[in-house]
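Structures incoming, each one as structure tokens.
The same chain A turns up in both complexes below, where it pairs with chain B and then with chain C.
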Partner chain A sequence: MAITSVKNLKEFSTANDRFEGAHLLCPGCAHSMIVRELMNCTDDNLVIAANTGCLEVSTAVYPYTSWDTSWIHIGFENAATAAAGAEAMYKARKRKGTLKDPDAPVKFVAFGGDGSTYDIGFQWLSGAVERGHDFTYICLDNEVYANTGGQRSSSTPIGSSTTTSPAGRISYGEKKMKKDMVTIMAAHGAPYVAQLAPNKWKIMAKGFQKALSTEGPCFINTVSACTTEWKFDSKDTIHLTDLATDSLVFPIYEIIDGQELNILYRPKNILPVRDYLGAQGRFRHLFKPENEHVLVEWQKRVDAHWERLQRREEARV
Partner chain B sequence: MAEKYDVQEVEVWDGNYAAAHALRQAQIDVVAAYPITPSTPIVENYGQFVANGYVDGEFVMVESEHAAMSGCVGAAAAGGRVATATSSQGFALMCEVLYQASGMRLPIVLNVVNRALASPLNVRGDHSDMYLGRDSGWIQLDAFNAQEAYDLNLCAFRIGEHLSVRLPVMVHQDGFVTSHTAQNVNPLKDEDAYAFVGDFVPHEEMLDFSRPVTYGAQTEEDWHFEHKAKQHKALMDSRAIIDEVFADFEKKTGRAYKRVESYMIEDAEVAIVALGTTVETCILAAKQLREEEGIKVGVVSPRCFRPFPFDKIREALENVNAICCLDRSSPGGAMGALFNEVSAALYSTQKRPLVTNYIYGLGGRDFSIAEAKRIMKEQKAHADAGYITTEIQQFSGLRGPKLGFFETKRR
Partner chain C sequence: MQGVCATDKRGSKELGSEELVGWDEVMQGVVVNSFEGDATDIARQKAEERNYSEFSSYTATVASWRVIKPVYNRDICIDCQNCWVWCPDTSIVSRDKQMLGIDYDHCKGCQVCVEVCPTNPKSLLMFAEHEDLDKALAQWPQKEKKEK
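What follows is the complex of A and B.
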């Protein structure tokens, strides 16, 4: 039974499981919440492709698998193309009448972390979206190469201390801004692009359902709080995600056909960015007096971005 | 239904066009491809077939060769017939996924139109790309002309998709000399070609949801070795299936293929081992030399470069006195690959023939009949002397001072 008919979180927690609980992800990792919700929000058959990353290495270690559906992993960069190839095969076989169950609906989904989405797999994702394959790509964005021990990616935000952009005596950590992947994917003209978060699980389920039911390539960036690399207590994943969405560091919105922007969640009380940053070890050094300017700039940037999103929503562009 | 293409009994096709027709006739479900010289016309011609209704399957023009092979892997895991084509740098870019395709035991057919590898950039034919693929776990078949490029493509689907093989297959042809030279080709009629290849039988497919499959799992030191050993065994065991498919092809067409092709080897005292179009050059040279000087020269070629026909090479060459292995790839600080493999095979024979190595034809440098004859005569000199009278590795057709390495220690 898909989440369409599930009224509350308790029911959802006991819903159909094609993603088994037995996996090796860290306790408190948001990846499993996001993946599970995607798989529980539809009754359609699923072909899942995964890039190399935490999700992949934690869910398919031979002779075990956490996936009670078709699943493929090729390399670090090409899950989008694996899904695209499978989708092309589905179309060909449907036309030729060689499918075992030709009437059952099938959905194609690719998962990647931010490293494989923003960096190494960017070209494969861009190509698959440009070609218009009917699939949904979900980025599990934890803003770091977590699987390999916390190196910076182009999703790592400014000021974050990672193993390859460490904060030190003369450095406040990562010097570059996070890449705006959502806008880049919307600029491809994809029919559905969104940024979603697992704390707002009903909005996320709706967004997933919209993507799966939309014909053509859809891209969703999901906030995936990383207890290990962001350095917070593993019981606080959803609390941390609340801080992320309510400080508007991760605004929740969708862009339809590359232009129609809708904000999907407006926090009643907007929290200061400091509250979000202060809850994580990776930003601890920003609270030293000499790094105060980074915090000030953070807040300004988040305010300006929120302002821009609202203007775009209002102007319908 | 795809339109039937009315092929004539004799067509004038180049190697690329011949390969494209074989792909069309195999009724492939998904071709994911990216153009690169000199294999581009395979993809272009296939695209033309698609545009004119001769193809039922999907034709996906992706953004790189890496994506081409990635798309092929995704498509093959979804349970259908898959093929593509590439050359040189494109092949190099695909390399990562070549290993993943074979590791997942997916029967994909890859046409490799052989070309040099940069740097310096070069679009002409040599075997650098073919050699780059030799540890990738693929079956590698080598065509010497357009007819063979056509025939071996049809065989490749049968071999790779055989349930006891389930491995990807490369069909090699030489860039430009084969790929762009029009020759007479005898194709099969569409229905006969398809009848030979047969329907694709899905196995462990991602689109059968009654039995979900996990492709591309992780194995560390506990299981990785067993997987790779099993894969190697499948590759070694594919020899019997290759023989079987070649025999069936001969029955249908009268055209015989063997994992090791031998010419005039029965009474040969010296021999050349080569790949690709050079084999035909050497056959002509050997015939002339037999007539002109009475030197008994034979020519041998591992038609099936992988799995390497260790046993058949040994059988073909063990009674020859001196052998020269011609390698058309920069050996990168070692002896040529053919030299190494042929020498290894012959080391376990009683006679242990003299084996030397020529590096030749890099970046499309012409290899003439005259040069082939010169090398053959040199082998005769080794045979008569009873030891290698030159350096063991030499370069053929190179400008500037003569280049060679290693004296013999057997006199």
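What follows is the complex of A and C.
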């Protein structure tokens, strides 16, 4: 696989962008930072499938496309299936010798939001991983159905106010916990599963390169801060992602072959979860005295998750 | 190559006058090509070397989204490329490890580049959209002393 050097940012910046501007994602959207980085970290031909979601509707507004690679969209749920199908066809045609350029390296990538990954496309993703297609699935996790107006998904964390779990006099917002998708995908026995964040660009680029060069189905959950639904200023996307990774709400780690867990980033100063929650409008109501118990619960769960990850890393099982 | 539409004449006929076709005759979806002609080596071509088609959003603009715009000061820049890696709109033009400037056709004015700029004073600052670039550079702030 032809990889772009990610030794330092200057070297990385010589990559030629294959994701064009003038897409219609919100200003400051982390989706495009993640997509750009994936497409910049390799020179190989890419076949990209996308689930319905912000990324899909904003980058393929007829008659425009922002993609300089092969790109396909079918339905809400089946980016994984589309990528798997393309990969199966590619292999079959390679075997039959009907490819125009059989030596050209090709990578298959599927993008989905958290709604289409955690909820609607879960069965399709699970099936494609189980069948063992050689593709990389990247979930752009913004913890809400942002494209349709901010409904809750099973990725929405506790206490978050969304349009279908609004906070008010009676409710403190979303009542349920976030689904642990990374562990679920690791349990499929996928050769490479990781959670990455765009503020740590080098770790993310290396993770992408590892996933692309690994044969078999790989799953990557990326934190994608949403200025519109998380309710913060567009300039703070990277700052907020910093808060997310440094407060360990989104720990950065990888799981290889469903077994070996490596923590890829340990913050020097672990921030309290309050700092992360307080920076977003969707959690503002949690700072009322009657919702104090949700904040305590938040911190307790984040601490427990971090403890579990460290134990798993030590135990190597 | 042209984009192929489900019904080629979409928009040219009055509503309700479409010919009825069977389910297996309808061509679904749309194919648009980002480039004219050969596009096998795109990953090794810079934007200015590519032959974009009219369907690529590269040929479109979102400049009207902006109310404030980033202005770039070459004198202070250290070419760290932070703005390049985190620009969500592919609007930072970098060539040969050097930052060249801002693509104002694709910039939406989100201010991420200003926030991630590490120099003191910052080499990217936001100004009103109507501000003249030279005037903006003339009123650049001085180096801030670090508070101890």
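Basically, the second predicted complex is superposed on the first by the 305 of 317 C-alpha atoms of A that agree within 3 Å, B and C clash if a C-alpha of one lies under 4 Å from a C-alpha of the other, contacts with A are read in each partner's own complex, and residues count from 1 in each chain.
Everything below uses one rule, namely that contacts are C-beta pairs under 8 Å (C-beta built on N, C-alpha and C of every residue); 3 or more make two chains touch, one makes a residue touch a chain.
Note that this is a predicted model, so its numbers are computed, not measured.
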{"item": "Partners on chain A (chain B, chain C) - clash or fit", "value": "clash"}
{"item": "Partner chain(s) touched by A:K210 [first = chain B, second = chain C, both, neither]", "value": "neither"}
{"item": "Partner chain(s) touched by A:R152 [first = chain B, second = chain C, both, neither]", "value": "neither"}
{"item": "Touched partner set for A:V106, first chain B, second chain C, both or neither", "value": "first"}
{"item": "Chain B versus chain C as contact partner of A:N78, first or second or both or neither", "value": "first"}
{"item": "Which superposed partner A:F19 touches (first chain B, second chain C, both, neither)", "value": "second"}
{"item": "Partner chain(s) touched by A:K179 [first = chain B, second = chain C, both, neither]", "value": "neither"}
{"item": "Partner chain in contact with A:Y62 - chain B first, chain C second, else both or neither", "value": "both"}
{"item": "First, second, both or neither for A:M33, with chain B first and chain C second", "value": "second"}
{"item": "Touching partner for A:R95 - first (chain B), second (chain C), both, neither", "value": "first"}
{"item": "Chain B and chain C contact sites that coincide on chain A, given as residue numbers", "value": "45, 61-63, 65, 67-69, 101, 104"}
{"item": "Of chain B, residues touching chain A in the complex", "value": "29-30, 32, 56-58, 60-64, 66-67, 70-80, 82, 96-97, 100, 200, 202, 206-210, 212-220, 223, 227"}
{"item": "Contact set on chain C toward chain A in their complex", "value": "3, 30, 32, 34-35, 39-40, 42-47, 50, 54-58, 60-62, 65, 79-82, 84-91, 94, 96-97, 103, 105-112, 114-116"}
{"item": "Chain A - residues contacting chain B, complex", "value": "45, 47, 49, 56-57, 60-63, 65, 67-75, 77-78, 81-93, 95-96, 98-101, 104, 106, 123-124, 126-128, 130-131"}
{"item": "Chain A residues within the chain C interface of the complex", "value": "9-14, 16-25, 27-33, 36-37, 42-45, 59, 61-69, 101, 104, 198, 201, 234-239"}
